[in-house]
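Below, chain A partners chain B and then partners chain C, in two separate complexes.
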Partner chain A sequence: MANNHLTSESKQLATWYFTFAAIIFGAQLLFGLVAAIQYVMPAFLFELVDFSIARIIHINALVVWMVFAMFGSVYWLLPDETGIETVGIKIGKLLFWVFAAAIVVVVLVYLLVQVGPADETTIWFITEGREYIEAPRWADFGIVVVALGFVGNLFLTGMKGKQTGIVTVLMADMIAFAGLYLAGMFFTDNISVDQYWWWWVIHLWVEATWEVFVGAIAAYGLITMIGAHRKTVEMWLWIEVSMLFGSGILGLGHHYFWIGTPEYWWEIGALFSALEPLPLVAMFIHVLYDWGKTQGSQDAKGEQLSVINNKPAFTWFVLNAFGNFLGAGIWGFFHTLPQVNLYTHGTQFTSAHGHLAFFGAYATILIGMFYLGVQGSNGIKVMKNTKLSIWATSMITGGVVGMTVALTIAGYVQVLVSRAQMGATWAAYFDGQSGLWFVQAMDWRLIMGVVTFLGFVLLATDLLRTGKSAVHER
Partner chain B sequence: MIETIIRPEIALDDFLPIFVSSAFVLVFGSLYVGVYTAVKVNMLKKWMMVFAYFFWILTCYMLYIMGSLMHVDAFTAKALVVAMVGYLMLPHAVYYMQHRVHEENEHCDV
Partner chain C sequence: MANKSVWSDNRFWQRSATWVTGFASVLLIWLTFDTSAQISMGDDADLKNGVTKRVPGPTVINYKITYEMDAKRGHEVPVIGEKEKFFGRDDYSEEEAGALLHLGKLGSQAKNCMDCHTLLGNGAYYAPDLTKSWLDPAWGPEGSMQSMTGKDTKEEAMAEFLQHPSQYPTHARMMPNLGITAAEAKGLVAFLKHMSSIDTNGFPRNFGKIQGAVHGK
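Up next, the complex of A and B:
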């Protein structure tokens, strides 16, 4: 990303984070593709990159690229929101290199070493074995140091500069985000206890702190891209924060249905999970409300001008509003109550929800931030869509939606055959897996995965090229 | 006394209606607040507010179908009723605050 138009060191650092995030995003999709091929052709890369390894890299790279893009987003907006340069930016730059180097080493170990002896050395140097956060313990400590440095920069800047609602929300949110990681760092012999704490990281990240982060970034985007009224935007933000934390924290209960925790989690999980879609509806309406209101004020002046100053970024922000509602809302609500979750738990239904929710709720808005970075780095006043950006957006979105539909069909087969008809036995699992609908769904998932990956290649090309395009107003 | 568990608790033919009705809970739910918002920002005429409440009723009906087919227990059923009453009031509370913020900042451009 060229950054010759950036005068703020914080924004320059943000572009580093965005660039590294985009690279890891590519790795996530590539290894997802390997895993998808292995569902169709099980011998593919056998004993070279087994499914277990491809899956580790696919889901850990997902978390890592999003965390990098989130840190970058905060470094990007801090100067705009606080009116000052980020405090401790030199440490911030040093920590970026530490973080990036640690991630490269961890990925190389996953690929080249893969497994270790079943003792402490594996936990310390190869993998801790907890889904999504499989980094070995030495990297855990490194991540804690980097996160503390990041939160320190955010707090020092927030306290020294102007304290807007967006920065205040981010300060509270990011300290919870960093602190929750600690719950996934210790090991217990009891798998129920281990999973109990592990869900604190996974659930309270994605259904509480990450969603609040998205709310804050959407608020910033609406102000910078369409000139929405700050007071209105921030009022919505506070409503979203209270609703997200109000439902999301105890919504944790829907992960405690079947892991050996007490039965009262059924009631807690059912009640708060039922409430969880509410803030997603609010966030969806918020974007449409502010867009309609701001564009309406512009139209009332008699000028037929769009209020949007970054079309590709705004497209991704609108996709975020839809995708969050669809992926996290509808696909989550499908199977969030214990009565039906008994049958859907651990099937491809979960995978369908995961794909659309991570894409809709997080990937979209973070790609939007990449485009804000490109706009700022190249001194563009009004950024327009190019053919490449339209194709990239359509292919990635179409590909992920296609994968989700395919996985939902596969999950439905598993629910009926493997769970309801055959009672979740060993034979039931294989009967479900070998059914025609399941096999065809896996074929379609692979095809749609290829479409998504090709869309990503176009996206990366567009991000690299569009800054120099003549279609934009400078 | 040994409790007899009959599996599957949900009839095979009921899974699809459960998934479809749960999707419609959110679709109609978003249409309720969507139409409500559109009327409030003058994108739709005031009399169309009746459609917003109609969508809320549809949301409740879909939730009822979903809950019945799932055989939710008494506590969950009560929780779902409370959730729907809360959902009915939610946009009213939000737009009351919206109105107050707008009044306080009518001439503020920041």
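Up next, the complex of A and C:
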């Protein structure tokens, strides 16, 4: 990504974040493939890079590339929204290198050291062994410092420049996002207490603060890409914030059904998490309605012109509207009621939901931001889809949907055989895993994973090349 | 001309968002206080006096644990019964049992257990759920694991398996050797036994009650 057209240092920094995010995205998919192969061929890399290690890197890289792309997105939109250069950009650049270096060290330790003795040194320097936030404690403190610097820059810029509705939402959201990480930084012998607070990080990130972040980014994208009216967009954004936090914060209860916590979480979790899809419907309507509205006014002028000034990015934003609703909303609602969750909890159902939700809600819109970065870096006025963009988008989307369907079928087998029929024991588990449908589903998941990975290779190529393409209007 | 409606006023929606978020957060914090009290770990006195805690104290390893249907609650709950030997003893002090549990919980994180298994149903789905694994018939006197590992008790069979998992494959998908020492294995088994005593509101349903009805067995 050439930066010659970017006069804003904040936007230059954003492209660094996007580039590093894209690389880690590749690592995520690569180690996902390793794990998928191991389901089909368990001997693959056995006692070399075991499933646990492949999966740690798969899900940690997922979180990390998304956080990088989110930080990058904020640095990208700040000059546009506030009308000034980001405050503290030098510190921002320094923290980028600190963050990137820390991530590389953490991943290398995961891969090369893998496990440690059962004492505090392992927790401090190798792994904390808690899904998604395995990063050892030294890295936790590093992440807190980096996050504080980022939030500081955002606040100082927002208070000095024009504080739009989007910036206000981001300020409130990002401080919650950073603060919640603290809930996952301590050790306790009590696994119920452990998981209670662990979910504060995981759930209140992905089902609350990250979703609000997506709302803000979608709002920014609608204004910049199709010229939607700020007043309308920001009003919707505030409605979305009420709905997302109103349902998402107490929706946390759906993780408290079976971890030792009291029974009242059944009712609270069921009620509020059942409401969680509603804001996602609202966001979906919002994006499509605004698109139709601005395009309609354009059509009324009698010109056959698209209002979209960045086709590939807008494609990903629309995919986000669909994907968020389908992956997070529908696939989440499938198994959120305790009566159902008693049998689906801890099965491939969750995995199916996880794949489509992280992709639909977050990967899509962040890839869209990558394309906005390419557009700005290359001084493109109207950016169009190349053949490669279309292939990449179709293969990645098709691949993830394919994996989701396969995992859902695998989940059904597990729920029926291992859980409902046989009562969840060791023998029950392996009877389910050996079922024909389960085995075939895992084959299909691998095939679809390969499709996704190839799509990613095309996406990376497109991001590197499309800036120089002659199809765009400059 | 009519006045501008409040429903199209951004300030109104901003305030609504603030109030809704604030209200939900306060409710969550209040519930957190209540839940934290309910899931705090019990102690040896509770166990001796028959006080039921959702998360019993570490000395629960001195007792026999079963998983039985509670008619009133409509699901299974762990029941702590008479004394039971654990690695040959049933008189672990609070300190000894606490140290074992501490070692086991650390071990469960240091070995990344959660990235293949699920614990309380959370984790990865590449290996069996460990929530009630202590109560799994496979490790009991009728099960195959004791004879496979050449041990006479459940805890010894589990500890042996944890130290040399790839020597005792039960499926093409094997557990890798994670360098678990004898002491760590003992801690891990204590951790698993303790976890099976946690009141998980009936999860997993029917655990260990159904003896295979698949493939006409």
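The definition used in the following text is that the second predicted complex is superposed on the first by the 474 of 474 C-alpha atoms of A that agree within 3 Å, B and C clash if a C-alpha of one lies under 4 Å from a C-alpha of the other, contacts with A are read in each partner's own complex, and residues count from 1 in each chain.
Criterion: contacts are C-beta pairs under 8 Å (C-beta built on N, C-alpha and C of every residue); 3 or more make two chains touch, one makes a residue touch a chain.
All values reported here derive from a predicted model rather than from experimental measurement.
After overlaying the two complexes on the shared chain, residue contacts for A:Trp258 are found with chain C alone; chain B is out of touch. Touch criterion met: A:Ala270 reaches chain B, while chain C stays clear of it.
Touch criterion met: A:Tyr412 reaches chain B, while chain C stays clear of it. When the two structures are aligned on the shared chain, A:Leu288 is found in touch with chain B, with no touch to chain C. Contact with neither chain B nor chain C is seen for A:Thr404 once the two complexes are overlaid on the shared chain. Contacts of A:Gly423 after superposition: both chain B and chain C are touched. Between chain B and chain C, the partner in contact with more residues of chain A is C.
In the superposed pair of complexes, A:Asp119 makes contact with chain C only, with no contact to chain B. Touch criterion met: A:Met235 reaches chain B and chain C at once.
Judged by the touch definition given at the top, the superposed model places A:Gly329 against chain B, while chain C stays out of reach. 231, 235, 239, 342-343, 419-421, 423 are the residues of chain A that lie in the contact sets of both chain B and chain C, per the superposition on chain A. Of all residues in chain A, only 35, 38-39, 42-43, 46-47, 50-53, 55-56, 114-120, 122-123, 126-131, 134, 165, 168, 187-196, 231, 234-235, 238-239, 241-242, 245-246, 249-250, 252, 255-266, 268, 342-343, 345-348, 350-351, 414, 417, 419-431, 433-434 touch chain C in the complex they form.
Against chain A, in their complex, chain C makes its touches with residues 8, 10, 13-14, 16-17, 20-21, 24-25, 27-28, 31-32, 34-36, 38-41, 54-55, 58, 73, 98, 101-116, 118-129, 131-133, 136-138, 166, 170-174, 176-179, 181, 184, 187-188, 195, 198-210, 212-215. Touching chain B in their complex are the following residues of chain A: 229-232, 235, 239, 267, 270-271, 274-275, 277-278, 281-282, 284-285, 288-289, 292-293, 296, 325, 329-330, 333-334, 337, 339-340, 342-343, 412, 415-416, 419-421, 423. Put simply, chain B touches chain A in their complex at residues 7-10, 12, 15-16, 18-19, 22-23, 25-27, 29-30, 33-34, 37-38, 41-43, 70-72, 75-76, 79-80, 83, 86-87, 90, 94, 97-98, 101-102, 104-105, 108, 110.
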